[in-house]
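Worksheet: one structure, shown below.
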Amino acid sequence: MLRFIVRRGLLSLLILFLAVSLMFGMIHMVPGDPATVMLGPKATPEMKAEFSRRLGLDQPLAVQLGRFYAGLARGDLGEDPFTNREVTVIVWEQLPYTLVLVLVAIGGASLLGIPLGCFSAIRRNSLLDRLTAVMSVAFIAIPSFVVALYLLLWLAVKWRWFPAMGAGESGNLADQAHHLVLPAIALGLGWVGYIARMVRASMLEVMEENHIRTARAFGLPERTVIVHYALRIAMLPTVTILGMGIGTMLSGALFAEIVFSRPGIGKLLYEAVLTRNYPIVMGSVLVTTGFFVLSTLASDIINAMLDPRLRERQGSGE
Amino acid sequence: MSKPRGLIAHTWSGLKKDPLGMAGFVLVSFILLLTILAPWLAPYDPLDVNVHNRLSGPSAAHWLGTDQLGRDILSRVLYGGQVALKVSLVAISVAMAIGLLLGMLAGLGPRWLDRVLVIGFDTVRSFPTIMFALAIVALTGPSLNTVIGVIIITSIPVYARVVRTQTRALRQRDFILAERAMGASTGRILRDHVLPNIAAPLFILASMDVPAVVGMEAGLSFLGLGVSPPTPSWGSILNDGYSYLRNSPWPIIAGGIPLIAVTLGFTFFGESLRDIFDPKLRGKDR
Amino acid sequence: MTAPVLDIRGLSISYGTEAGALKALRDVDLEVGEGSIIGIVGESGCGKSTLISAIIRLLAPNAQIVQGAVNFKGRDLLGLSSEQMRALRGDEISMVFQDPMTSLNPTLTIGRQMSDVQHRSTVSRSEKNACSVMMLERVGIPDPEAQLKRYPHHLSGGMRQRVAIAMALMAEPSLLIADEPTTALDATLEVQIIHRLKELQREFGCSILFISHHLGVIAELCEEVIVMYAGEVVESGPLREVFIDPKHPYTRKLLECDPARIAEPTRELPVIEGSLPNLVNLPDGCIFKDRCSKAEARCGIEPPKMSGDGHRAACHLLDHFQETSP
């Protein structure tokens, strides 16, 4: 088990390393030097030189990259050149908003999607099954920011059921939850269908397996057979998808955060992109990709915990 | 499936049995027609500003109302389709061509090359797409070409993986081995056997990729990172509408509908195509 | 003979397929007396699995019971509601399945699965566990308490099959249906399991319907045997009579191919030339005629009926075989 985690972790780190280095390299391949882009056309050469020196942009690429990783090892991502605040602090401030949004969205999507997929598999070709099939495809396809805009338009602006902006008053949990509803729906709606489809497909597969026939041959109540004997196994592939879903949602959250003017990593990155604030761009991309990689890893581990066969195969390092 | 006429007849008879797929096909054809005929159908110039008639609701003169500069939204939506069409055509065909090439290289080439390419595909796929797009835009500045470039880079692995799998499977088949033994060149084998066999899965993939590509373009344009301001795109119409949301809901309603229609139409059509040609692909969501 | 525990009369079952109705079982009669062990022999596709699925009413959704009756202790199982039927399964009727590798749930512990099987009992969890331990001990599993915490994949095939038998006997059923329980095991294990099953049958006094490919196992365990071919019963009777003096050409071929196989453990039935008839479009006359070396004109016209007393067979040439048999 440990060996498996370590191996997966190392592979993830390699991908992260490649991605970050690639981005770093690209900043320097862009025509025009970053200082000019960041400070705008009115900056004097002295200002640019001072700015470049402060960000270390006058050093060769390899040195900068080395410094970046050295800083990273110390948990230091550099400074925001505009406010002089530490990038790590800024990122840590925004991260919880995004994480809560993503967790609520994926949690809600699972709570809806798993039973829907399960019922669809059991009552195959029923009205509910066909409806779920069509709706899942539809919700997966429609871009989430369009869903967000329509929700904003109707439920927040027109009917005023939910607030349109922000994350709610700090310390006021009910208010924060109220602010969370629409962004979470916008983010999670497509996943309801996705999860339902996954669960349905694997339930249909598991229900054909021999041990389900055994359980039925012992007259176990159908509920027990479905929930404890079948769904438990059918969930395994879904958990993997959920893990990746958290990663994908971290970037999907960007649209929800912008449409609902909600603080978070996505909004931070977006604003940093608009102002060419490279340290913040690097920091938020690093954190998002890091979480993406981490959530994939976590889903593998949870999967192993649910499936004793996998747990031990990996434990013995085969 | 060798004769094109047989292929079309096969598709058509399959579609007739699938009402949802047929609906998707009709929707897609309808939108495509409107988009191509936009210059003739649009009642106004999409860039014509009229400050005396800003943010008005639907009327006989402006069926979908006007935006914050008094431009006719219907005309902008029709022309916006052309941006989506251009982006999807260019991005998907280039991504497919490169994916085809890399996938065949991985499938037929030496083992080390296959390994390197697969790790490359995985790295690109493991990067959250929107983050990638934003990062690139941050570096190169907003433009439609950047959007197309980002979509191409992120789509290549999708096509390349399918081509690689199919090529590898075919390579082991007897008739290919026999042709090789008889001295057929790799190029000939690719042209005569591999290409016809992967054409169907590739086109199904492409039709299912359209919603993602259109959504990506609209998303980036919505963020102001795609088309430059006066040009209408469904995303930029939504962006304008978002800024004036409390004054008029019409730009958002009008900009969202074609997006929903296109994504739904292509998805249902694509699913239907997949069921007709390759039932084995069913359930394998990427 | 006392009233049979299980009495099947004229059972016919078809599967709806695209090509038409696949007549998997045709007019099958079967009797299992109280405390007796009946063996069913036949190659793959002879309808054994359909037959047992019909008894426990776990048929595939496209299966249709065309006609017939399945009487279990005087109740017609085919007329029971699915809830009534579920009440019988794992209580009065138990099953041991073929493949011990896949017939236990891989994600639940042995203990959990064994206590789940006792779902009708109202005793506490620890008492259920005590029952499980006792049962595991009786089927010959060493250190039963430790096994409860283990998962199926920890156990060898033979051990898993013992667990399956323990689970099946837990409710002290009247009828145990064993569907090739030893086919997946190696020869020495097979013998051990068969002996254990025989002992347990004596202790519990239940009836056993034992399905096997393996003539040797049937010979070892059963008192009566039923030979099935392509969805029909072609011969039935007391074990010794059927094995020593087979009447139907199919049974003869099974035994003739290599008589030593009865004594020698083997995985498969002897190979007989030819293949099963098409069960969607049944041929006229006798279903075995294409593979029978002695087939005559009338075999292609009229299907033979089961005849004889006690030891019965369905063949037009019974007398003919009788005369020429050495």
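The chains carry the letters A, B and C, assigned in the order they are written, with residues numbered from 1 in each.
Assume a contact is a pair of C-beta atoms (placed from the backbone, for glycine too) under 8 Å apart; a residue touches a chain by one contact, two chains touch by 3 or more.
Values in this document were obtained by computation on a predicted structure and should not be read as measured data.
Of all chains present, the one whose mean CA position sits nearest the global mean of protein CA atoms is A.
Top contact pair of chains, counted by C-beta pairs, is A-B.
One finds 57 Å separating the Cα centroids of chain B and chain C.
Between chain A and chain B, the centres computed from C-alpha atoms are 23 Å apart. Chain A and chain C have CA centres that are 53 Å apart.
Residues 20, 122-123, 126-131, 134-140, 211, 215, 218-219, 222-225, 238, 241-242, 245-246, 249, 252-253, 256, 259-260, 263-264, 266-268, 271, 283, 285 of chain B are the ones that touch chain A when the two sit in their complex.
Listing the residues of chain C that touch chain A in their complex gives 56, 58, 86-91, 94-95, 97, 99, 102-108, 116-117, 119-120, 151, 153, 164, 167. Note for the complex: chain A touches chain C at residues 209-211, 213-222, 224, 228-229, 232-233, 306-309, 312. Listing the residues of chain A that touch chain B in their complex gives 15, 18-19, 23, 26-27, 30, 134, 137-138, 140-143, 145-146, 149-150, 152-153, 157-158, 194, 197-198, 201, 247-248, 250-252, 254-255, 258-259, 269-270, 272-274, 276, 278, 281, 285, 288-289, 292-293, 296.
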